[in-house]
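Presented below are the structures under discussion, each in the form of structure tokens.
Shared between the two complexes below is chain A, which has chain B as its partner in the first and chain C in the second.
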Partner chain A sequence: MTTFLDNFFFSYQTLIFALGINGLLALSMYTVLAVGQLSLGQAAFMGIGAYVSALLTLHLDWPFAAVLLAAMIVPALFALLIGGPTLKLTGVYLALATIALGEIIRIFCNTSDLTGGALGLSGIPNKTTFTLIFGLLALALVNFVLIARSRVGRAMEAMREDEVAAGVMGINLPAMKLGALVVSAMLAGLAGALNAHANSFIGPNDYGFDQAVTILSFALLGGIGSPFGPVLGAVILTLLPELLTALHDFKLVVNGFIIVVAVLYMPRGLLSWRIGRVG
Partner chain B sequence: MFAQILQQLPQQLLNGLVLGSTYALFALGFTLMFGVLGVINLTYGFYFTTAAFLALYGSKLLALPIWLALPGAALLAGLIAVLLDAILLTPLRRKKAPELSSLMVTLGATLLLYSLMTATFGTEIRRLPPAIISHAAIMLGGVRMNLSQILIVVTTVLIVAALLAVIRFTRFGLSMRSMAENGEAAELMGVNTDAVVRLVSFISGALGGTAGVLIGLNFNAIQPYMGETMMLKGFAVIIIGGLGDIKGALIAGLVIGVLEVLTAGFISSDIKDAVGFILLVATLWFRPVGLFGRAPAKRA
Partner chain C sequence: MTSMSNNLLKIEDLTVRFHGLVAVDHVSFQVEPGTVHGLIGPNGAGKTTCFNLISGLIPPTSGRAILAGAPLVGPSWKRTRAGLSRTFQNIRMFQEMTVRENVMTGMQARLHASVPEILSRLGRFRKEETAAKVRADELLEFVGLAASADRRAGDLSYGDQRRLEIARAVASGPKLLMLDEPAAGMNPTETRELVELLLRLKQDGLTLLLVEHDMHFVMSLCDRITVLNFGRKIAEGTPREVRENPDVIEAYLGAKVAERLKGGTA
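Right, the complex of A and B next:
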């Protein structure tokens, strides 16, 4: 039995890791959508985390815990740079500015010598483990559930339903939005670092527009009523192309189609229940 | 060194003007859609690609000359824009869904359409038949240009002039302006808003399509994702110009075009694509209302 499990794990390791990492990315998308904003920078934040962590490991040989911490802090700084001005405006500005951020990062990584140009970085040691990925995912989920049941969670839900009314009730809208964006950038950066140390190779085109839209499709398929929805969406959309190999070439077509259908016909996603309140 | 720069400057400025014209033309339709319909329609870049492909096949298979292929492709792109708006955005408009829903639905549609197009045509670069337009250099006072560059600037000037006249002087233009101000009030005053939505979608699609054919002609490189690259420039242009501001988009388009060419010519061609985005971030921090400062509508 153990040998079977070992073999199973060995053959499907990439897929199993991808499930956990995509789950983290889906949660990072959820954080922003949960306050009624749309960021298309999750792929960029992920890329920043991946590159920062890979460079720290390869050149400075930092301990992995410190590397992961840095991979969360640096994207958070970018989130402050982009979110600071845009979150005071209407939601459209954040969406457009984050797409632009993704593009700047892609251009920079493609041309800079530091990041290895178009060839990317290779030979990153495999430091990511199963326990680490799923432990962090579970930790994130528990925290999100606790937040959802708290005062902050209720404020987030109020903002999502009606921003003006929420503002009138005394919720500090800019602070909440900026906080959500920063947390989401940290989660995406963490996922990027875990991914870089699981695949041993990263390239500048892994974090482009396609990836950004794919992360959004996780969250919209699962629904953003609770943090479990996006994770479910990520699991389905990661497994689907593996189960139906015919779909493999049309993965992006399916992701795009899911977003269209989800927005038009099932705005609450697959998992529509919300987390109950205490008190 | 300095003398050399001065000597190259007129040529670079002209190239920048040509590039900037296509940016301005492209951004014009994009900003018009936002201004009147109140949505960021991300499928806009798809009309750009589609028209370039239509012109390519029109000139290859039907041997259409450019003066037929260009308007033909633009008209078809306009019709596709009307169709996509009816499928994707009209249901949301009826439901009065929040603006980010319409952004997301067009985002999904964009990924769907581009991936389908890539699956069909592949990503290799296609070229228009050489006979479609003369690429011979025309010298004018030490500055070199060709027919396609002249076509780009002339077409842009004519279209912009015509559009501004329509918006300023016609009854349809008045309906458009009233809808940009307040859609519900316009409807109550007897404006047929559905008709205006269709017509604005058509005009925007045709503008994006025209830009696609002209860019395809100028760089002679057509591939599915060309519209995506252009969209990213389009975001920069419309935010720097101010969302929904036509004059701002025109000027921002020209400025970005000229700056990109100058950056490529005198600094490094690697970073020319970053120019627009650096200006974009600077605009967001220091002047979020855009060049001419029409305050962005904060809708409740």
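Right, the complex of A and C next:
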């Protein structure tokens, strides 16, 4: 009987943690979409954060706060590396470059001894707590609202609506795009680190293209009129497979279907409410 | 042509080639400060392309534009920060934003609160944001849209969107405002109000470069006019000089006849 309860709480806790971590990933996706760009590198940034944090904990025994910081900085450096050249070009180049990054990371993690190859890394201590995940998610949301209601939020929405007109408004387009990609990489890296220290195991196939698509579907389902939309999308798409266990095996199909439906029939997503832009 | 120094905008030998077509062909002219300068010509003459070259949306094949002594270089956002502002022939509103937010977006180049200041709501943020809001409401009052400040911009009528686009362009505090067919699609009453609005902007010391199709509109507003045809400058002068210029008459008549022939009504 106690094992049953233990198991129950264990899976319950996993689900609750997943809600918060996926919420952070959804915000990471939102940051890029909100300036009118498409990145498919969220899973890769998450993976970088996960591996960097796990290695620092396992091998160097860094304090968790420093580990989380590093898990944000390293993906940010990757974002600078791929964003610098591709963001000067138009839309699709960033998407392509981030897909390539994802593949490179996956292949590297699959083959390198450092990352444990296909077996991944195990025995990562559980350091992530409920308070930490949801505290950070709340903090991120508050910051997003404060940013939205400012000159930066107006610039973001202007870029998303009409990049040519946004440029004519004097908005520093390259700086905004690069800034958004860097922040998005930091959030995904943070989520990756929290996830690694909640699950005790990470493997190279956790951060593939299907995970990138899943993260994209959070934002498209919830809508990007405000930062709350993507978080709502993440909550729904995290709970749905748990409620309808039959869906579990078709997660990727369901997510693909949601993207198609969202793009065709609900361009504003479920939460069409638009956040105000005056501080 | 002797006092070359008294110009706000100087266009030097501006040329752009699209594949085979020379859309703007070695065009040079100057805009004096405090004036309304017209850029006219039949459809397809290269007026909008000229605006796109000056504002940095497309790169020139050769030539350059100089604003207040400094060559305009780089992408559009840098040129806006150098004191250039424009509207579009096909209105480009931020439709989902409110009317006030649109005007405040026009102030990007003048707002400097840093991200830490924005997140903490400290430092420059509050003062700057409040001032921007007040200024936006003044501009909306000025163009007659004060009552619509909180409406979705995309819901405004066509004529109101044109005026909002002007308010948004003025919001950056430009040295030169370029307007691409601001009266297009307006009814006669709206057009008359627009003339008044533009004259008030001129009175406030703003320099205007104006592309317009409607000859009466141009003649009633402009101090000087440059005429383009097939990408080339064919005439320049006061409205009276331009109106009596045989090349101009021919260009416009030619275009009209061609249009009629195309429509089969000639």
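Convention: the second predicted complex is superposed on the first by the 266 of 279 C-alpha atoms of A that agree within 3 Å, B and C clash if a C-alpha of one lies under 4 Å from a C-alpha of the other, contacts with A are read in each partner's own complex, and residues count from 1 in each chain.
The rule is simple: contacts are C-beta pairs under 8 Å (C-beta built on N, C-alpha and C of every residue); 3 or more make two chains touch, one makes a residue touch a chain.
Please read these numbers as outputs of a predicted model, since none were measured by experiment.
Novice: Could you say whether A:193 touches chain B, chain C, both of them, or neither, answering first, second, both or neither?
Specialist: neither
Novice: State whether A:164 touches chain B only (first), chain C only (second), both chains, or neither.
Specialist: Both partners, chain B and chain C.
Novice: Which partner chains sit in contact with A:173 here, chain B, chain C, both or neither? Use first/second/both/neither.
Specialist: second
Novice: Touching A:36, do we find chain B (first), chain C (second), both, or neither?
Specialist: Only chain B is touched by A:36; chain C is not.
Novice: Applying the touch criterion given at the start, work out whether A:249 contacts chain B, chain C, both or neither, answering first, second, both or neither.
Specialist: first
Novice: After lining up the shared chain so the two structures overlap, which partner does A:143 touch, if you call chain B first and chain C second: first, second, both or neither?
Specialist: second
Novice: See if chain A has more residues touched by chain B or by chain C, and give me that chain.
Specialist: B
Novice: For A:151, decide between first (touching chain B), second (touching chain C), both and neither.
Specialist: In the superposition, A:151 contacts chain C only.
Novice: Which chain A residues contact chain B in one complex and chain C in the other?
Specialist: Of chain A, residues 164 contact chain B in one complex and chain C in the other.
Novice: In the complex of these two chains, what residues of chain B are touching chain A?
Specialist: 40, 88, 91-92, 97-101, 103-105, 107-116, 119, 228, 232, 235-236, 239, 243, 270-271, 273-274, 277-278, 280-281, 284-285, 288, 296-300
Novice: For the complex, give me every residue of chain A touching chain C.
Specialist: Those residues of chain A that touch chain C are 143, 146-147, 150-152, 154-155, 157-158, 161-162, 164-173, 225, 274, 276-279.
Novice: Across the complex, what residues on chain A touch chain B?
Specialist: Checking each residue of chain A against chain B gives 36-38, 40, 81-82, 84-86, 88-93, 95-97, 99-101, 103-104, 107-108, 111, 164, 209-210, 213, 216-217, 220, 249-250, 252-253, 255-260, 262-264, 267.
Novice: Chain A touches which residues of chain C in the complex?
Specialist: For this pair, the touching residues of chain C are 55, 57, 75-77, 80-81, 85-86, 88, 92-98, 100-101, 104-109, 111, 113, 115, 118-119, 121, 125-126, 128-129, 132-133, 168, 172.
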